[in-house]
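Shared between the two complexes below is subunit A, which has subunit B as its partner in the first and subunit C in the second.
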Partner chain A sequence: MTVADVSQFRAWIADTSAMLTEQAEHLTDLDRAIGDGDHGTNMARGFAACAALPDADGEGIDAYLKKVGMTLVSQVGGASGPLYGTFFLRFAAPLAGATSVGPTEVAQALRAGVDGVVARGKAEVGDKTMYDALAPAVRAFDGAASGGADLAGCLEAAAVAAAGGRDSTEPLVARKGRASYLGERSAGHLDPGATSATMLLESAARSLG
Partner chain B sequence: MKKLLNDPADVVVEALAGMAAAHPDRLDVDLEHKLVLRAGGPVQGKVALVSGGGSGHEPMHGGYVGTGMLHAACCGEVFTSPVPDQILAATQAVDGGAGVLHIVKNYTGDIMNFEMAAEMAAEGGGAQVASVVTDDDVAVQDSAYTTGRRGVGVTVLLEKIVGAAAEEGRSLEECLALAQKVNGQGRSMGMALTSCTVPAAGKPTFELGEDEMELGIGIHGEAGRARVPLAPAREIAEDLLGPVVADLGLARGESVIAMVNGMGGTPLLELYLMYNEVHRILAAAGVTVARNLVGNYITSLEMAGCSVTLLRADDELVRLWDAPVDTPGLRWGV
Partner chain C sequence: MISLVVVSHSHALAEAAVTLAMEMAPPDGAPHVGIAAGLDERTIGTDAAAVAEAISAADEASGGEGVVVLLDLGSAVLSAEMALELVDPEVVGRVVLSPAPLVEGLVAAVVAAAAGLDAAAVAREAESGLGAKRTHLGGEEVRTEALPGQLTADEPWPHAVELPVVAEHGLHARPAARLVARVADVAPGTEVRVRNLTVGRGPVDALSLSGVATLDAQQGHVLLAEARGPLAEDALEGLVRLAEEGFGDLPGGTGDQLAVASAPVALVDEPGVAGSGLEAAVGPVVRTAAELDLPDIPVEDTGTEHRRWMEAVHSAVARLGELAATTRGRLGAGAAEVFEAHAALLRDPALTAAVERRLGTGLGALRAWQQVVEEAAARFEGLADPYQRERAQDVRSVGDRVLRILAGLEDPDDLGEGILVVDELDPALAISLDARAVRGVITLRGGATGHGVLVAAARGVPVLTGAERLQGVATGTVVAFDARSGRLEVDPPAEVLAEFERLLERRGEARRRAMVAAHDPAVTTDGVAVPVRANVTSVGTARLAAEAGAEGCGLVRTEALFGQHRQAPTVAEQARAFASIAEALAPHPVTLRTWDVGGDKPLPFIPSREEANPFLGVRGIRAFRTDRTLLVDQLEAACRAAQEHRLQVMFPMVTTREDVELGLEALDEAVRRTGTPRPAGLRVGIMVEVPAAALRVGDLARGLDFVSIGSNDLSQYVLAAERGSAAVGPWADPLEPAVLQMVRDVCQALDGSLSVSVCGSMAADPDVAGLLVGLGAAELSASPASVAAVKERLRAGSLADYRALADAALGCGSAREVRALLEARAVSALPAGGTAR
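What follows is the complex of A and B.
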């Protein structure tokens, strides 16, 4: 499939919610190692609220995703709420008025969303954050799109790259977020935010492509 | 997990309902937004202080709402910062026309949520908001490339002192400058004897052996900078005070406001024993303790351990410290 409409974006959020609920304990365990042990429960709660958003007739993709962003901001708390909320609010903006989107539009949206995360969190690659998964995902998506891949192919490439970025966080010493307080002790653990960000993109590859 | 609970998901709201029932004369509790507010609505013509953060640090912050201290506290889930909607609702509820000071501890989540709330308040054209960020934890290496130091014990002292200044009728700019001064001359360091269990997680955040302690912890049950063998209290007091005194550059002849704070699961017997050590070390260094606070003021659920906060004192700060305060958590002069 080369295009996605609002129902598939809804499916993306529902699939992400299911995955986060299933993986909540895993994420919380990761967070317990280098954070404060609440990432799984907070993310599962926030996305469950998004998955439960009522279906509005004739709603555009951007309107729906803005609601997702606002819901995450108001439901998740911690740093993840503003970061994931900002991701969806910015992701939605370039899709204004669109009823179905292909690789070009999603590439723009993904870049805008990730730029929003960077603006809010001020992270750089290598800081051991969700951006370590998102940055290679954006590059891989763009690379696949310019190579002529369809939406499914682009998202698959992004998900694979995100997983690689997630795995790259394990040896890193955290420079942002709560894990940074551990200094050298933060090395040797996967970053929980990079892990949940990878789940979001893997879910997109399953639902949107 | 053994805790006094009904459902772990309801712990914050049910505790807030308890605060409302316990202090109906002093507090208004907004259960929908999870806010603790002073009874009687906004104080016209005076700066209002709004603080907040994750729950689990009681009495901070809800216990510090009242005359001479905070106007509102925004309560997040356990160890999770409050969300912008809550902070915005608190800001609007307490604005008496003289502006609102947000008191934010330097944690990534707290910073982002308070920032978004301040942006929303500015967009709405409502209350004038200024923010102070506390970052007094010397256990964290400070660097331009990292999140920086955590906000911990000095937050309690700041809320008391700036609360007194707001009560005197100082402007938002003056309250902000005072808050920055307090943060700038206060430092803390903490240690843990045990971990703690977040109700929703159900198991301890970390495991600590019988003969081990964590040095340089924050207030969220997170592990510290180093795991070291348990030592006698006098050595622990040296370990905590050394970096604090050095970082403040305290000199012989200076005076401080000192807090020995329990993390939630430490008996007062041990906290006073620690205060004795702290007092002894400071006396030997020629530093006078002008005022002190010993007890559980900024906690980490049921964690055992303590933190030490020193605030370089001057006549102005001591006078504001002594001003009347009437909150569930701190009360004197009334």
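What follows is the complex of A and C.
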């Protein structure tokens, strides 16, 4: 499939919500090792609220995703709220007015969303944050798109790259967020934010493609 | 009153913090404090939407005066930043997110807001909320935001000294560079760190210029320097000596800004060095290479990029050394220090470390340096002191130099001929530009006191600052400007160009004539010499005045001389400044007016209260009726300087004989303090500016040596019309016959027993100068710029002519008639073919 409409974006959010609920304990464990141990419950709560957003008739993709963003901002609670919230608000902007989108549009949206995360969190690659998963994902998506892949193929490439980025966080010492207070002791653990970001993209590959 | 918002993960924490802080607020004047904390009252978390709501409500409660947001940590910061994207953009401009620690910051902010401070000031108070606790606990470092060159404070180091900051601009870039240089002179192995005890900043590595400068050390602050290592004691001893010299920045010292501004470059006879000195210019726009977009240079491996950067720094330092040497020859050591400070910035270990960190992440040398420079400049711009904020220009300037080298651009030696338009004027460019080709400089940004602007002005290059509207004007477009009036014409029509040509011609002619006769005395055609002196406010203007031909100084505005001081200058400091002014104008006399303060011109170190009618309030000598300590200190400084120099003193705003006695008693006390007799040459006088003093001048002047009429104040008191108030403009003309009558009455009452001088703006008007002499004034004191013109006009007539003119003026019915009379004379007095003023 090469294009997606608003129902597929709803499916993406529902699928992400299901996955986060299932993996909440895993995420919380990761976070307990290097943070304050609330990432799983926070993310599950936020996305559950998004999945429960009422279906508005004739709603455009961008309007829906902006609602998702604002819901995350208000419901997640930790730093992930503004970060994922910004991701969706910025992701939505380039899609204004679109009813169905293909690889080109999603590439733009994904880049805008990830740029928003960087602007908000001021993270760089190697800081042991969600950006470590998102940065390679954007590059892989763009690479696949310029090679002529369809939306499914692009998202698949992005999800695989995100997983690689997530795994690369294990040996790193955290430089951002609560985990940075641990210094060297943060090494040896996967970053929970990179893990949830990978889940979000894996879910996109399943639902949007 | 501004409002506050508290953002916290925990609702309970926020509530408790607010309760604690509100105990500090007066019950009837507490600020609005909004809370956005917790996802609900029990769930830990932050919600950007709730923060946005709280900010909007707080802004409304403040009536649009502003909001300061205090936050705990982590997502509170992200949520607050995000909230700013959700509120009305107009409101965002009034919101400050404070990096202060929550509880200490909130307490300080509540107090500051209740005191009526604005948002920026409240945020500063909040940030320094840690100071008291830190000082109490012996400097345990708890800053969350690291300063450049920041060190962690462990146990005290074995050697320590306190260094008071006495120079008026505090420890800005150049004195900071001297401190760093002094430490760098000590052999390696000895470490020195410095902290600002007064505001609780630091410690920072004393080898880090950007670290030392960001201690925000201002006049009156105390620094603590600690050292360890083999030569620790030597290092500290060097710093103590440097601190005693105000880190080389005391008035009259080598770093005096005004010394830079007034360096006598007009006298340098080297082609391309001196500008036109006309303060106006016409020509096509030219630009520097630095204004170009920097190319994207392929990034190579870290080692290569590091080498590239080191080579660029090396070559920039070498060029700065050359510039310092040339400048020392042309403009003196004070101006040359600009380049030394730039070179010190390039050796700063904190900046070096920041660049290396970025190179390590794979960034190229050019972009790494660009980012580090931008950050450092932003840090200076974030400081409280406006003078220090301008030092961001130094950072950008030296940053540009290295960038140009990294980008492979030529040094902008050949700019073409015309008007140079730059964003800000780089000091290195200001000194190295060829004044034959560059007829004038226009800056888009940057103040009139930037190093570059001062240097260019000292060279006589016409400079217009802050002309933002030239931003998009194409290179080659003809522009014309006049810095005196601030007029700027872009692509002007032929008649405007012709107008500018005439202006330049007129100024050039006036300047040539003034230069020729400036140093000749003003003698009337019947042989009466009238000394024309200058009013000065600084050592720099005294030098300018001397160059302009002033025969001494009829008025030193001492309150302006020390107007930037936050604390009263010491006796030694004042004596030094007075001596420097006297030296600049020797062998002529210099008249010091004692502190002239009051409700209309407050000084931070002399208490004054707000008054309904400040001009009728506690002004001038009236301020010392209850406590005359500061007056005696100043007179002691005058006595000490008068032992070597030709000085006289006068008291302002004298109304009654008791005021005169107060001044004389204070002088006696000052003389006693010096332990030597009153210096023989020290003449004493009063200002006559209050009608009561004018009417009783014979009584008041008993036992004195001279009187000086302050024509500005005398006019406003005789006419009961506040000067500077446009509404009473029709009544405020000093040429009103009533004012002239009073001047004549004063002169006649003294009848030659004492000399009468006039030192207000009337004396600076060449048309009026002769009239004042005709009324009986024996001396005039004008602004330095008008001295030459006043002298020239006085030479045109005889004392008999001026007396006849005075009689005619006193026979006029109004100021307008007097003005018409003067104009008629001015035209007839012109030599044939001469040029009007």
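Everything below uses one rule, namely that the second predicted complex is superposed on the first by the 209 of 209 C-alpha atoms of A that agree within 3 Å, B and C clash if a C-alpha of one lies under 4 Å from a C-alpha of the other, contacts with A are read in each partner's own complex, and residues count from 1 in each chain.
Assume a contact is a pair of C-beta atoms (placed from the backbone, for glycine too) under 8 Å apart; a residue touches a chain by one contact, two chains touch by 3 or more.
Since we're looking at a predicted model, the values are computed, not measured.
Quick check for you: in the superposed arrangement, does A:G126 touch first (subunit B), second (subunit C), both or neither?
After superposition on chain A, A:G126 lies in contact with subunit C alone.
Could you look at A:R185 and tell me whether it touches subunit B, subunit C, both or neither (first, second, both, neither)?
After superposition on chain A, A:R185 lies in contact with subunit B alone.
Is it subunit B or subunit C that touches the larger share of residues in subunit A?
Answer, by number of touched residues of subunit A: B.
Quick check on the output: what are the common subunit A residues between the subunit B footprint and the subunit C footprint?
Overlap of subunit B and subunit C footprints on subunit A: residues 38, 42, 73-83, 120-121, 177-178.
Provide the residue numbers of subunit A that touch subunit B in the complex, in ascending order.
28, 32, 35-38, 41-42, 73-83, 120-121, 175-178, 180-183, 185
Subunit C touches which residues of subunit A in the complex?
Contact set of subunit A toward subunit C: 38, 42, 70, 73-83, 85-86, 120-121, 124, 126, 177-178.
Can you tell me which positions in subunit B touch subunit A when the two form their complex?
54, 76-85, 107-109, 112-113, 115-116, 139-141, 145-147, 150, 198, 200-201, 203, 205-206, 218, 220-223, 225
Which residues of subunit C touch subunit A in the complex?
These residues of subunit C touch subunit A: 39, 43-50, 74-75, 78-79, 81-82, 361.
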